[in-house]
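The structure appears right after this line, and notes come after that.
Order as written gives the chain letters A, B, C and D; numbering starts at 1 within each chain.
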Amino acid sequence: MSDRRMAVGNYRNDFLKEVEANVEDGEWVKMCMQCGVCAGSCPLGPYWEHPPQEIFMMIRAGLRDDVLSSESMWMCTSCYNCIVRCPRELPITHIMHGLANYAHRLGLAPKMNPTRRFAKLFWNNIAAGGRANELKLSLGLYFMDGFATGIKKSLQMLPIGLGMLKTRRLNPFGLLAGGNCKDRKGIQAMLKKAKELEDKRKGFA
Amino acid sequence: MTKQYSFYPGCSSETKASAVNYMTSVNAMCKTLGIALNEIPDWNCCGASIGYAEGGELPRHAMNARNIALSEKHNPGQDIVATCAACWLGAKETQRCLQHSRRLLDDTKTALSEAGLGKDYKGEVPIRHMVEVLIEDIGYEALAKPVVKPLTDIKIAGYVGCQTNRPFGVAGESFENPKYLDKLVETVGGEPAKKYDQKVTCCGGALAFSEPEKSQAQIRKIVESAYDHGAEMIVTPCPVCQMNVEIYQDQINARYGTKFHMPVTYYSQLMTVAYGGTAKQAGLDGNIIRAEKLEKIAAKPAK
Amino acid sequence: MAKLVPTNETILVAGGGISGMTAALEAAECGKHVLLIEKSPSLGGRVSQFHRYFPKLCHPTCGMEINTRRLKANKRVHILTMTEVTAVTGTAGNYTVNLLTRPRYVNENCTACGACAKAVSSEIPNAFDYNLGKIKAAYLPFVMAYPQRYVIDPSIVGTAEGEAANAACAHDAIDLDMKPESFTVNVGAIIWATGWQPFDAAKIQPYGYDRFTNVITSVEFERMMDPSGPTGGKLLRPSDGKEARNIAFIQCAGSRDRNYLKHCSRICCMATLKQSTYIAERYGDDPDAKVSIYYIDIRAIDRFEDFYQKVQADPRVTFIKSKVANITEDESSGDPVLHGVDTEGYHRYDNRHDLCILAIGMQPSVRAEEIATGMHGDANGFIETNDENGAIFAAGCAGNPLDVNRSVQNATAAALRAIQVVNRIAAAEA
Amino acid sequence: MAGEMKLGAYICKGCGLGERLDCAELAKVAQKEGKAQVVREHDFLCHADGLAMIGNDITAGVNQIAIAACSRRAKAEAFTFDGVCVTRANLREGVIWVHPDTDDARETTQEAAADYVRMACAEAKAMRAPAGNPNRGGSKRILVVGGGISGLTAAREVAAAGYEVLLVEKSDELGGIARHLYRRVPAKEPFTEPQETGLAELVNSVCSNPHITTLINSTIAQTSGAPGRFTVEIASTGGNNRSETVGAIIQASGFTPYNANALTEFSYGRTLDVIDQLGLEKLVAAADGAPITRPSDGKPVKRVVFVQCAGQRSADDGRLPYCSGYCCNTSIKQAMYFKDADPAIDTTIIYSDLRTPGNGEDFYRSAQRKDITFTKGKVSTVTPTAAALKVDFKDLILDQDADIEADLVVLATGQVPNSGIDIETSDEAQAAAADKSILNLTYRQGKDLPQLRYGFTDSHFICFPYETRRTGIYACGPVRRPMDMAQAMDDATGAALKAIQAVENAAAGRAAHPRAGDLSFPQYRREGCTQCKRCTVECPFGAIDEDEKRYPVFNESRCRRCGTCMGACPVRVISFENYSVDTVGAQIKAVDIPDEFSEKPRVLILACENDAYPALDMAGMNNQHYSAFARIIPVRCLGSVNTIWITDALNSGYDAVALMGCKHGIDYQCHFVKGSELATYRASKVDDTLKQMNLEPERVQLFEVAITDALRTPKLIDGLVAKVIEIGMSPLKF
């Protein structure tokens, strides 16, 4: 970890209010009592530049850019360890998802963060037909950084893919079919509406 | 007597998807136990946790609410049962959130109307994991009764993982040290690796795709500890756990110089074999690392 | 102590720990008649299980000696041990209380000569030592026990061991035919002093108290440090009897946590600071002796701040501002390994210790609503100060998580509240 | 001395005594050497039969009783006989349980037992049954000094128990600091909102109570006397002075907010917009529901910062070293004043340890729910700028220097006790501070209650929080320890009980804690007194004054019966009826001293009955053996040990003398505060005497012993005996 000491901060409450208004479960941020149990409970904790409890403090301190451009929230594996151990019952996992989502929507999230990119891919994959198409998803992931890298990654993953194929756990024809609900249209309309409502609530509309 | 449940299988259990063998064995197990699974018509993906970044909050709730509404409409009076941890968790979380937020409920219903289900969401149906059904509705004692081929001489590490365990978990079980897999292993005559200490370690979940090095470091701990505690096999209730822990072992071996070759099975596979099912019925052909000891038992005639 | 016929000018004190003893004595020394009942075989409660008090590091036994001497000299306090309240009905100035006395199998002839214990070989878990050790099935609960009278454990009644104990008694003090006795008394006011119990440490699953032998509670540690305790005052860890030198304390073990007890138990910070001095005292300048205190806020209130500063000045003691995330066990050594993040500046740790002590939280032994219908307690079960509770008054930790000093203060106040009631009765009847 | 004295000696043979000892021989000792008129052996003396036997003898005229059985700490209730003197020869815990049951040991064990029988007989003969202090006062009225929350509560609670109260308040209004409070911290479920102070109801309940007389604008000009008969001169600003008699006093003189002028780094006094917590209460009360405005320019406050521990928890000069305990909750409450009025106001509490014990945790959570921001940090400066105040601090979580702007800064500054004069300071300093005195006691040892630390008049005892060192005067509220309103009210109620107890004890002529109920009291032989003043100076409780001829005046109701005066008296004129230089001296003399060549040394142990003696009993119960050459005499407190006992013992051939008593120093454990400390000082003076007697200084030792030292005390005794063997037997055996 590099020198993580931040510059002198001029504390304002504005960002906390913004988070409370626009981030999933953001109204819980103020309830943190800085015990650090979440930071210690995270399986990928060592990779967090700012652990959750510190992010909460940064929010209170008004460090908007530092928080929203952080890679930290993208390390969340959704394991829920922090949630069950938090003595204040903060839904930390959700807040991290919410912050990541908010940063992503604002375009402040780190562009090349692999989890951000995978998450986007995933959602688009399921939103298209209502169900996940695992083959499309994997290939999409490998070819994220362009064709050449994609081929390389695919080759790396080839043994696994073959194993899955052999055990009939991967559909070789999945590019063409699969992952579709009958009421695709209804689902798409539903998701469109939901996004619209959420955008309005959170000031993106 | 057959018990009727509204079944939410989830994407991974579809034909030629990553957990199809889970599905196969669940079907066999349920048949023996008299559990009827009535699939929710036209169910959709739960959004999984990783859906957050692009999906946001409300669209994910809408996805889950649609499944709940479909179940309440088409399978009234039946508990929803999921076999996948993420599906179970996603549906349950949505139900909770909508119970606690009038605003979210109204918005979700508005969105559901677009799919013609605006009036169908009640959010009252109990949402259960298959493991809960086994433990609570049937009970260990009854689960032991159909055993015709006890899994003697197999030491098995019960790997519970995250989302079957947290934040809801199974009633009466600890988040840190759940014991139900050990009990299930005992129930079918196997030997649980009771001191296995990575039973709730995170496998990385979806980050196995995006952050393979970090996830594989997790998986390494999970497999290594199983070896350290004398296990010959890992058993899990979660399709993501199963896949992550199983399929990356070769990559981990390459990365760390380990020699992992640890079969990772579903509880339903153990039970199917113990109940006298064939290897095929138990979906053992779906395991990339073959659970040879199980296959042998499956191949033997019952006593 | 004398025979007493309770009337509505009598004060019932339920619980014979330091709060109950204090309330009983303060009232009796004002001239009031008191019936003091205690569930266990002897008085003293939790305090008698402490090795030392903070901040003076003096021994609780010392104050107990004064209090038992006050009791011996006071004819207005009637004591019933092994007795519990089973029901309370009535109103201020006129309560009917049902009591149940369990058989001790030893009568007042007992001289505490110890002959019965010598005659008995079977042992039972020593409750006084939180079951860390064993004690004979014919026993004096602890050496300072008052009343100074032995107890025969029910497990040997009806066995040859019981008969052997009986035969060994030269004073006709053993009565193996004793039966539980239910009876009813009428009293004017009730002081509820049933104290506290440690939160069930096994429920704090991340810390593995139920799985890791070298994770113990602060109350157990306190017994270990007592020279008359289960390890003879030595700091021997339970797994292998090795001397523990590198000790971790985890604060708020159960307290300030919505998953367990939502209140702050107030005493645990000071208890840990106190216990850290035991280690310093044991090991002198031994460079391997180390204490790590994992905390959220150190609550060393008022003059206790001095004590905190004194401990802070000890180079062997480290304070880590962190709620420990979880504990794992190093299987080969049995060492607990603590995982978490020091939040003052974000430092991640995986610290291995010889022994980990959970500064366990306080919860009431009896919840307010269990005492009588309509009793008001707070959300944690502690009895509230509330006029609607009539003449049932909390004393000490039955009403609040308190340290000893504040418990005694509160018990003294409770005694006055009870006196006010019985004085009103006396004035009305005069 | 009225009536004929008749000694009965009773030898118990139970608990193995009969098997281990020649009890018939002991009976002979009691009769011949102990001069007991009645001597009886019994198989089971504490049994109803045995007790009835003794009872019959008492009826037949026995009025001095020596029980040779178990320790005085065992079967105490059984062996209590009203109106007669009882002594105990501790043959069980003190003899057979601490000496091995071997043939070799039989002789020395029997000798020890015989000595204890001799001692018990001699002691009983020297005792008289006490009948209580005759110089008792009958006033049961309670004076309460201070009309704040603590004093008002004390007054109300005393009156509710049926006693009369005189309440004296120096200002022109009741209520104290609480008058300025807008709301108080919640004391009830759900502990989430500030609540009404309830002061008006409390004042009303006091003012309307016919048992309470209230004097405002009044101070205590002088207090003299003792429990049951205090005479209090009350001065009134109107010049309407009066004299009142009261039985006990509750001092509820409260606190003064710390003077924040010293906190220059926070710009207190430099700008009107930096205030203390009390200042904020006044501001809020003045706003009366309207928006709270800045004192400097009247603009509404939009941003407020609370600085915790301002001038507290600091070793710096002029700062408070302690934590005032209430300020975290108070800042939370005050931040809520703003948030409840207008959620848009930014409120930040900067703290280093947030201290909200008990259900304060709910209040803390409630504050967070209301969007009050908590920042763990250390504030370095508050600087006024053109538009606002700049608060510079180190954020301890983010590990960075930071600043925050505020319209108003509130300093949590803490409580300073109003405890009057520090009587430990020099006479000049006391004289200079004379007008600060709260009680103006005429006591020899000073005008106010002794202070424990930092000006607080707290008790030093954890188990006995009300034990001030002035009997019948009880402090409560923030003068005793920093505290909040809820604690002060509880504390006042407890103090009310102690005051009532004091008047009841005084009326009955008996002692207060820790020798509660003791009917003995100090008496002195005036004709022998040399007016040396040692007793008046050394009494730990300031009980003894001096009359105009400088003779001691004992004020028995102020006395705690420790005997420190008796130990101090160089001419040995002070005694208690049942405890005196003679009762102990007779025991010392009663011991049989074998000659120099017997190889049987004799070691005298004077053991504090509160801690050392029980520890020795515990040694017995644990079968810890120690030398049979030791003879142990319990004393009320080491402070009561008169050095004549030591020199007499050495003169009569004892080989060594040990004093065993409690720890002294800052964390003293002596129940009589100064007893063990004084004993240490006095014992150090014995060295000169030893030199004159040509004896080695090692022959007199003082051991600090705790009650838990059951394993250590035997070692100390054995060590001393070994030392005697090493340096040789005393040459003074005749």
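Rule of thumb we're sticking to: contacts are C-beta pairs under 8 Å (C-beta built on N, C-alpha and C of every residue); 3 or more make two chains touch, one makes a residue touch a chain.
Here the structure is a predicted model, which is why all the values come from computation and not from measurement.
A comparison of the A-C and A-B interfaces places the larger number of contacting C-beta pairs at A-B. Among the chains in view, C has its Cα centre nearest the centre of the complete protein Cα set.
With centres set at the average Cα position, the gap from chain B to chain D is 66 Å. Between the Cα centres of chain A and chain C there is a gap of 49 Å. Mean C-alpha position of chain C lies 23 Å from that of chain D. Multi-chain contact residues of chain A, defined as those touching 2 or more other chains: 4, 33-34, 53-54, 81, 84-85, 88. Among the residues of chain D, those in touch with two or more other chains are 354, 376, 397, 399. For chain B, residues touching at least two other chains, in rising order: 175. Inter-chain contacts occur between A-B, A-C, A-D, B-C, C-D. Listing the residues of chain D that touch chain C in their complex gives 14-16, 44, 46-47, 70, 73-77, 80, 92, 157, 160-162, 187-191, 313, 315, 321-325, 353-362, 376, 396-397, 399, 453-454, 456, 458, 460-466, 481-483, 487, 490-491, 493-494, 496-498, 500-501, 504-505, 513-514, 516-517, 610-611, 614, 618, 621-622, 662-663, 667, 669, 671, 706-708, 710-711.
Against chain A, in their complex, chain C makes its touches with residues 206, 252, 256-259, 296, 321-326, 339-343, 346, 348.
Those residues of chain D that touch chain A in the shared complex are 346, 348, 354, 364-365, 368-369, 371, 373-376, 395, 397-405.
Chain B makes touch with chain C in their complex at residues 174-177, 195, 197. Contacts from chain A toward chain C in the complex involve residues 4, 33-41, 45-46, 50-51, 53-54, 81, 84-85, 87-89.
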